[in-house]
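The two complexes that follow have chain A in common; it is paired with chain B in the first and with chain C in the second.
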Partner chain A sequence: MESQLGKDTVRKEARDKVTGAAKYTNDLADAPMRHAKLLTSSHAHARIVAIDTSKASAMPGVRSVITAQDSHLLCGSMLRDRPPLADGKVRYYGEPVAMVVADEEQQAQAAAGKIQVTYEPLPVVNSIAEAIKANPVIVHEQLMSYTKMEQEVYPLPGTNICHRQKISTGNLPKGWADSETVIEGSFTLPQSDHGAMETRAARCIIMPDGRVMIKSSSQAPYSVKEEISAYFNIPAGKIIVQVPLVGGGFGGKTAAQLEVLAVIAARAVQGQWINLVNSREEDLVSSPSHLGLAATIKMGAAKDGKIMAAAMTFYIDSGAYAEISPKLAKAIAVECTGPYNIPNLQCDCCSVYTNHPYAISFRGFGHEALAFCLERMVDKLAFALNMDPFQVRLINAVRPGDLKPTQEKTTLSNTGDIRQCLEKLRTLINWDEGTPIKEANNLIRAKGIACLIKTSDTPTDAGAAVILTFNSDGSINLNCGAVEIGPAMKTTAAQILAERMKMSLEDIHVQLTVDTASSPYYWKTVASMTTYIIGRAVLNAADDALGQLLNLAAIALHCPPEDLDFKDKIVFVKHDPTLYIAFKDLVKGYQFANGNTIKGPLVGRGSFVMSRLRPLDEATGKGKAGSSWTVGAQAVEIEYDPQQHTYRPLKAVTVIDAGKVLNPKTAKGVVMGGMCMGLGLGMNEEFVYDPYGIVANTSFRTYKMLRYGETPNYLVEFVETPQIDAPYGARGIGEHGIIAIPVALANAIASAAQIDVNRLPITPEYIWREKTRA
Partner chain B sequence: MIPFDFAYYRPETVDEAWGCYFNLVSANKKPLYYAGGTEIISMARVNSSVFDAVIDLKGIPACHQLTLQDGAFIIGSGQTLTRIAEFGAYPLLSQTVKRIADHTIQGQITIGGNLAGTVKYREAALPLMISNCRVKIMTRDGLLEMPFLQIFDGRLRLKEGEFLVSLTIDENDLQLPYNHVKKTKMAKIDYPLITLAAMKKGPEIKAAMTGYGDKPLLLPADMLNNDSLPPAERITNMIKLLRDDCKSDLSGSKEYKEFVLQGILEQLFKNFAEGS
Partner chain C sequence: MHYAGDSIIELHVNGESKSVAVKPSHTLLDVLRKQLSLTGAKPGCANGDCGACTVLIDAMPVKSCLMLAVEAIGRQITTVEGLKDAPIQDAFIRNWGFQCGYCTSGFLMVCHALAMHHPNAEQSVIEEWLQSNLCRCTGYAEIKDAIQSILSGNLHRHRQRGAFF
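Now for the complex of A and B:
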């Protein structure tokens, strides 16, 4: 049978989605249902002096008004530092303070408006600089007393630093001595939002026997289950989390927040569903956001452009709570050299608390922020050396045998081929015509390039299982714990299964929803790892099912199983294909002519777990954070008006080493989506704070995302260097389109306007300021 | 979701609307006049606006005119931006309203709402401020007609219960040479950093802008048209004069707005010089 991989394949849920038949969490009909609404903080940092709920409680339809007084609890997937409802003080603008449960949604919201909170404002930590200065205002006084959920969290007592990750390789003094040119740069990146189309939503009911049923727009139903179990001391088996389709996650739906609140609300009205849905404003600031960053990098290179040494300091603005930011610090640290070989290296990466909305995973998992700093440095280095930025990248790009910052060895299989990506990019962006170019209309056309790299930063035990059951027509039901958040991962899993089973994709039926009571475990739908982890489990499940099918067919066909082959739902004798039996006559067991039946209904099962990962050494960072990397090269071409300092992107190009492209159109779509988000970060997106830490742009009127009409011409191409241990060689590509686009844009602006770009987003006002300052 | 109940009225005459408003007021209710609803709905859902009733003016024929007659272009206050733009009788107005919000919302926003709303930009006012435009207002004394600038000084100076019924623009002003510039912070669809509308009537340039300060404002005609000075000097003088009106906001800083205005005005003089 001809391979089905590498062909454009319509995703399994496409028809449901385009016709509106697809259901998301807040579309589900549950009864009886009550509604919860939040009252959120109007201050960024303030002591809660009093909360008067009496007026709210007296409002029509109100069942319960809940504050931290009703459940003192601390949450957090790495460090338990966050009360689900502010307890004693508020630490960011928009933080949930109280919750109303009422019969109708509008009753709950009306009553939330009647809760009276008396605040005593505290000095605000409104930037990373304020968080790390001497004698700072402390966001968490009890930092050292918090319970760790994971071992790799190292808070510093008496500071706002909740985690520090160090990397140290080679001999730095020697590196500086070998450097003829040394440059320095400082960078700042603002916090921003995921902007998923579906705002976060959670439902919960507590059944008479104590079972806790949750429905949620989560990327991580199994960790919701485990977190709820830990927070409320409920046995994990009594917690059931169901996730229908999710309308975009981008990392923002990876930690339990609304789910915890929904459980608290459900306990107040036992036996009734609670519906808790974010408004867009709440989704922007009350729920977690994209990290901010401040970084300083010093980099030295020999005359030939070879980077000899680098010293880097990164501070992540993790906002008011740690959540996943210690892992973000680790991710930045382990990838701090980018796809380049830097023999002598020191990197210090800290997560710091501020009075900003708290950060969570975001597409790119910190790599988009790291790439901005590092790839600006490479361009600055090229400028200082008077070399072509393309050449500098080519000279320094990692080769098989080079060591990563974690002292892991680079191979073609585990890393892919960055040089091929660069060479392909060079043609696609027409690099050799030069940049900047003066156009006839007084405008300037300019280009910027940058490279990307990313590994998974998964826990060492990240794994998944897959269950296959069969229908009487011989078709297969594929059940796995990956949440369908948009990039067609269920379809990818189905493709891998169809390929292994040598049958049509039409005969693979995927279960689109995830139910932790019946879908087998999957760590989380994050980190661009679903193709790898779920894919490997699918292959194991397919092999398990095939083994059973062949053994049973051997009995039916009276021959040894090794004489059998299969395709198109038929098992046949290799040397005489006229002897065959269909899957449909095997999947419920084999029935002899006399009615006797052997073996029961067929179940295929497979599981997979990441292998050979280990935590990083606290002092040197030596360890293994992922099993493989995906590399790529990106470019942005802009048209710039040197009088007005306005610009527009004309073209954006990505070349990624995908290992093997399983579904070309979907792969391009996923990468383009990432590029579009990257341009959004580059051009528009940021939370703006007033001097008191209040977010000034909490709606899409003022928080601007890129619109369809503003997008440039996208070009996406792939290189295919197989990752030998991945399903059919396919690497993860879900996040990668975003990573180097903001910095490619920055490099293009730097070239066009002849300025140093050291922050995002790049607005015409920012360029004007840099130009007038010069 | 709007978290409170309110009553909806749809009167068919201006008198009925007036009566409805004051009946509600005397019953201790807070009514709002309603047309497109884009601002009322978005403010009500975040509790920034609370009311007991809305009186929808879209059912009143006088608020629904869109016609060229008797030497004038008449626009009912309840006409949407899309319809006004597509009618096309006043190209400068068409172009201005086509850059307010996005295409979907333009089909909902009415010109009356854009002028009478609380969002400070009121971009639709700019072409009206610089043309021979009169308004009809429903008042205690019935319908009153007056020059637009008599009732609009950056916002409509309506008394309690009064509402805008229609706008009438002299047809001689509809097809004059014009300029429309909208500058934003970055995104094409956004509130203005500066939106400027200008037209040239005979030798005289008239211009109004918004985004620069707290409200739409007219550029000083005497300075704009002071032929004894070269354009560059006129621009410097105007920026100096308007220094106190210029305000920093989310779209941009005061200093940057001055820089952008300078560019806009340089281009404006150039365009009109080339045009004549």
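Now for the complex of A and C:
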């Protein structure tokens, strides 16, 4: 059978999605339901003096009004520092303070407005600089008393630093001595938001026997289960989490937040479903967001352009709570050299608390922020050396055998071929034509390039299992814990299975809803790791099923199993294919002519867990954070108006070493989506705070994501250097389209406007300020 | 739950007449989703900014979060569930016009109406119509391919194969 991989394959749930039949959490028909609504904080940092719920409780339809007084509880997937409802003080604007449960949504909303909270405002930590200055205002006075959920969290007592990750390799003084040119740069990136079109939603009911049923728009149903179990001290087996289709995740739906509140509400009114859905405003600020960053980098290079040394300091604006940000700090630190070989290195990466919305994983997992700083430095270095930025990248790009900051060795298989990506990019963006170019009518056309790299930063035990069951027509049901958040991961899993089973994709049925009670475990649908982790488990499950099919067919066909082969749902004798038996006659066991039947219904089982990962050394960062890297190169071409300081993107290019492209149109689409999001971060997107830490833009009218017609022409191409241990060689590519786009745009604008771009987003006003700075 | 203050109104949705009990403040989006179980229209912002809730009112795209249910009395409402094999649905599949699918119903309704009213729409008109909606997953390139693939100029065909009007 001809391979089905590498062909454009329509996603399994396509028809549902164009007919309105596709159901997301808040579309499910659960009746009767009660509705929960939040009252959120109007201050960024304030002591809660009193909460008067009496008026709210008296409102029609209200069943319960809940505050932290009802459940002193601390949550957090790495460090338990976050009360689900503010307890004693509020630490960010939009933080949930109280919750109303009522019969109707409008009733709950109306009653929430009647809760009276008396605040005593506290000084606000409104920036990273304010968080790390001497004698700062402290966001968490009890920092050192918090329970760690994971070992690799190292808070600093008496500070706002909730985690510090260090990397040190080589000999830095020697590196500086070997450098001809040394440059420095400082960068800041604002917090921003995932902006998934489906706002987060959670439902919960406590059953009479104590089982906790949750439905939610989560990328991580199994962690929701484990977190709820830990927070409420409920045995994990009594918690069931179901996730239907999810309307976009981008990392924002990875930790339990609304789910915790839904459980609290369900406990208050036993026996009925609670429905808790974010408004867009809540989704932007109350629920977690995208990190902000401040960085200082010093970099030295020899005359030939080889980077000899770098010293880097990063501070992540984690916002009010740690959540996943210690892991983000680790991710930035372990990848701080990008796809370049820097032999002498020191890096310090801290997650700091501020009074901003708290950060969580976001497409790129910090690599998009890191790339901005690093790739601006490479362009600045090229400028200082009077070299072509393309050549500086090529000279320094990792080669097989080079060491990563974690002292892991790179190979072609585990890293891919960055040089080939760069060479392709050079042609696609027509780099050799030069930049900037003056056009007619006083416009300037300019290009910027940048490289991307990312590893998975998974826990050392991230794994998955897959279960295959069979139908009487010989077709297969594929059941796994990957959530369908958009990139067609279920279809990819089905493709991998169809390929191994040598059968048509039509005969693979995927279970779209994940149910932790019946779907086998999967760590989380994140980190662009589903193809790898689920894919490997699928292959193991296929092999398990095939082994059983062949053994049973051997009995039916009276020959040894090694004489058998299979395709198109039949098992046949290799040397005489006229002797065969169909899958459908094997999947419920084999029945002899006299009716006797052997072996029961067939089940294929497969498991996979990441291998050889280990935690990082606290002082040097030595360790292994992922199984492999994905590399690529990106470019943006713009047209800039030097009178108005406005610009528009003309063209955006991505070349990624995908290992093997399983589904070309889907892969390209996911990469283009990332590029569009990257342009959004580059051009518009940021949380704007007033002096009191209040987020000023909490709607899509003011938080501007790109719209139809504002995007450039996309060019996406792939290099295919197989990752030997990945299913059919395919690397993770789900997040990568975003990573170097903001900085490629920044490099283009730096070239067009002849300014030093050191922050995002790049608005005309910013360019004007830089241009007119004395 | 019904209580004092609700009125029974009749809505014409996807070619059928439906009686629903509503309050004056109920949006069309809420009534479609909660009372008629037509959950294809999505609440992406409930504020007019995202277009995920778009339905057709007398064949024109309208954000159902910005319309009161009572304002729709006597009008022909078409939701994504009422698109029966409209060319734009296949075009979205053929051109990879969606990923998570949450914005899709809204885009389909805008595109469907655009194809009916401007079968020869040029780029600037397409842009004007489609800028009302947001998609966070795609980079809009496939949506552009999808709408262009059905704007071949055959108004008649789209009218016939489109929705129930």
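Assume the second predicted complex is superposed on the first by the 773 of 774 C-alpha atoms of A that agree within 3 Å, B and C clash if a C-alpha of one lies under 4 Å from a C-alpha of the other, contacts with A are read in each partner's own complex, and residues count from 1 in each chain.
Methods note: a residue touches a chain if its C-beta (ideal position, glycine included) is under 8 Å from a C-beta of that chain, and two chains touch if they have at least 3 such contacts.
Worth saying up front: this structure is predicted, and the values here are computed from it rather than measured.
Enquirer: What does the overlay on chain A give for chain B and chain C, a clash or a fit?
Expert: Here the two partners, once superposed via chain A, fit next to each other without clashing.
Enquirer: Using the touch definition from the top, say if A:106 reaches chain B (first), chain C (second), both or neither.
Expert: Once the two structures are laid over each other on A, A:106 reaches both partners.
Enquirer: Touching A:488, do we find chain B (first), chain C (second), both, or neither?
Expert: Second partner only.
Enquirer: A:683 in the overlay: touching chain B, chain C, both, or neither? Say first, second, both or neither.
Expert: In the superposed model, A:683 contacts chain B only, not chain C.
Enquirer: With chain A at the apex, figure out the C-alpha centre angle toward chain B and chain C and round it to a multiple of 10 degrees.
Expert: Rounded to the nearest ten degrees, it is 40.
Enquirer: Quick one: is A:709 in contact with chain B, with chain C, with both, or with neither? Answer first, second, both or neither.
Expert: Touch status of A:709: both partners.
Enquirer: Mind working out whether A:701 is in touch with chain B, chain C, both or neither, as first, second, both or neither?
Expert: Both partners, chain B and chain C.
Enquirer: Applying the document's definition of touch, where does A:31 land relative to chain B and chain C: first, second, both, or neither?
Expert: It touches nothing on chain B or chain C.
Enquirer: Give one of first, second, both or neither to describe whether A:763 is in contact with chain B, with chain C, with both, or with none.
Expert: First partner only.
Enquirer: Based on the superposed arrangement, let me know which partner A:50 touches: chain B (first), chain C (second), both, or neither?
Expert: neither
Enquirer: What is the contact status of A:440 with respect to chain B (first) and chain C (second): first, second, both, or neither?
Expert: neither
Enquirer: Please tell me which partner, chain B or chain C, touches more residues of chain A.
Expert: C
Enquirer: Superposed on chain A, how close does chain B come to chain C by Cα atoms? Whole Å, please.
Expert: Minimum C-alpha separation, chain B to chain C, in the superposed model is 5 Å.
Enquirer: Could you give the residue numbers on chain A that contact chain B in one complex and chain C in the other?
Expert: Residues 106, 279, 701, 706-707, 709 of chain A touch both chain B and chain C.
Enquirer: Inside the complex, what are the residues of chain A that reach chain B?
Expert: Result: residues 105-107, 109-110, 113, 279, 281, 643-644, 646, 683-684, 688, 696-697, 701-702, 704, 706-707, 709-710, 761, 763-765, 768-769 of chain A touch chain B.
Enquirer: Please output the residues of chain B touching chain A within their complex, sorted ascending.
Expert: 1-4, 45-47, 102, 183, 185-191, 250, 252-253, 256, 259-260, 263
Enquirer: Which residues of chain A touch chain C in their complex?
Expert: For this pair, the touching residues of chain A are 8, 10, 13-24, 26-27, 29, 103-104, 106, 194-199, 245-250, 277, 279-280, 485-488, 665-666, 669-670, 672-673, 675-677, 699-701, 705-709, 711, 714.
Enquirer: Mind listing the chain C positions that touch chain A in their complex?
Expert: Chain C reaches chain A through residues 1, 25, 33, 37-50, 52, 79-81, 83, 89-90, 92-93, 96, 98-105, 108, 126-127, 130-131, 133-144.
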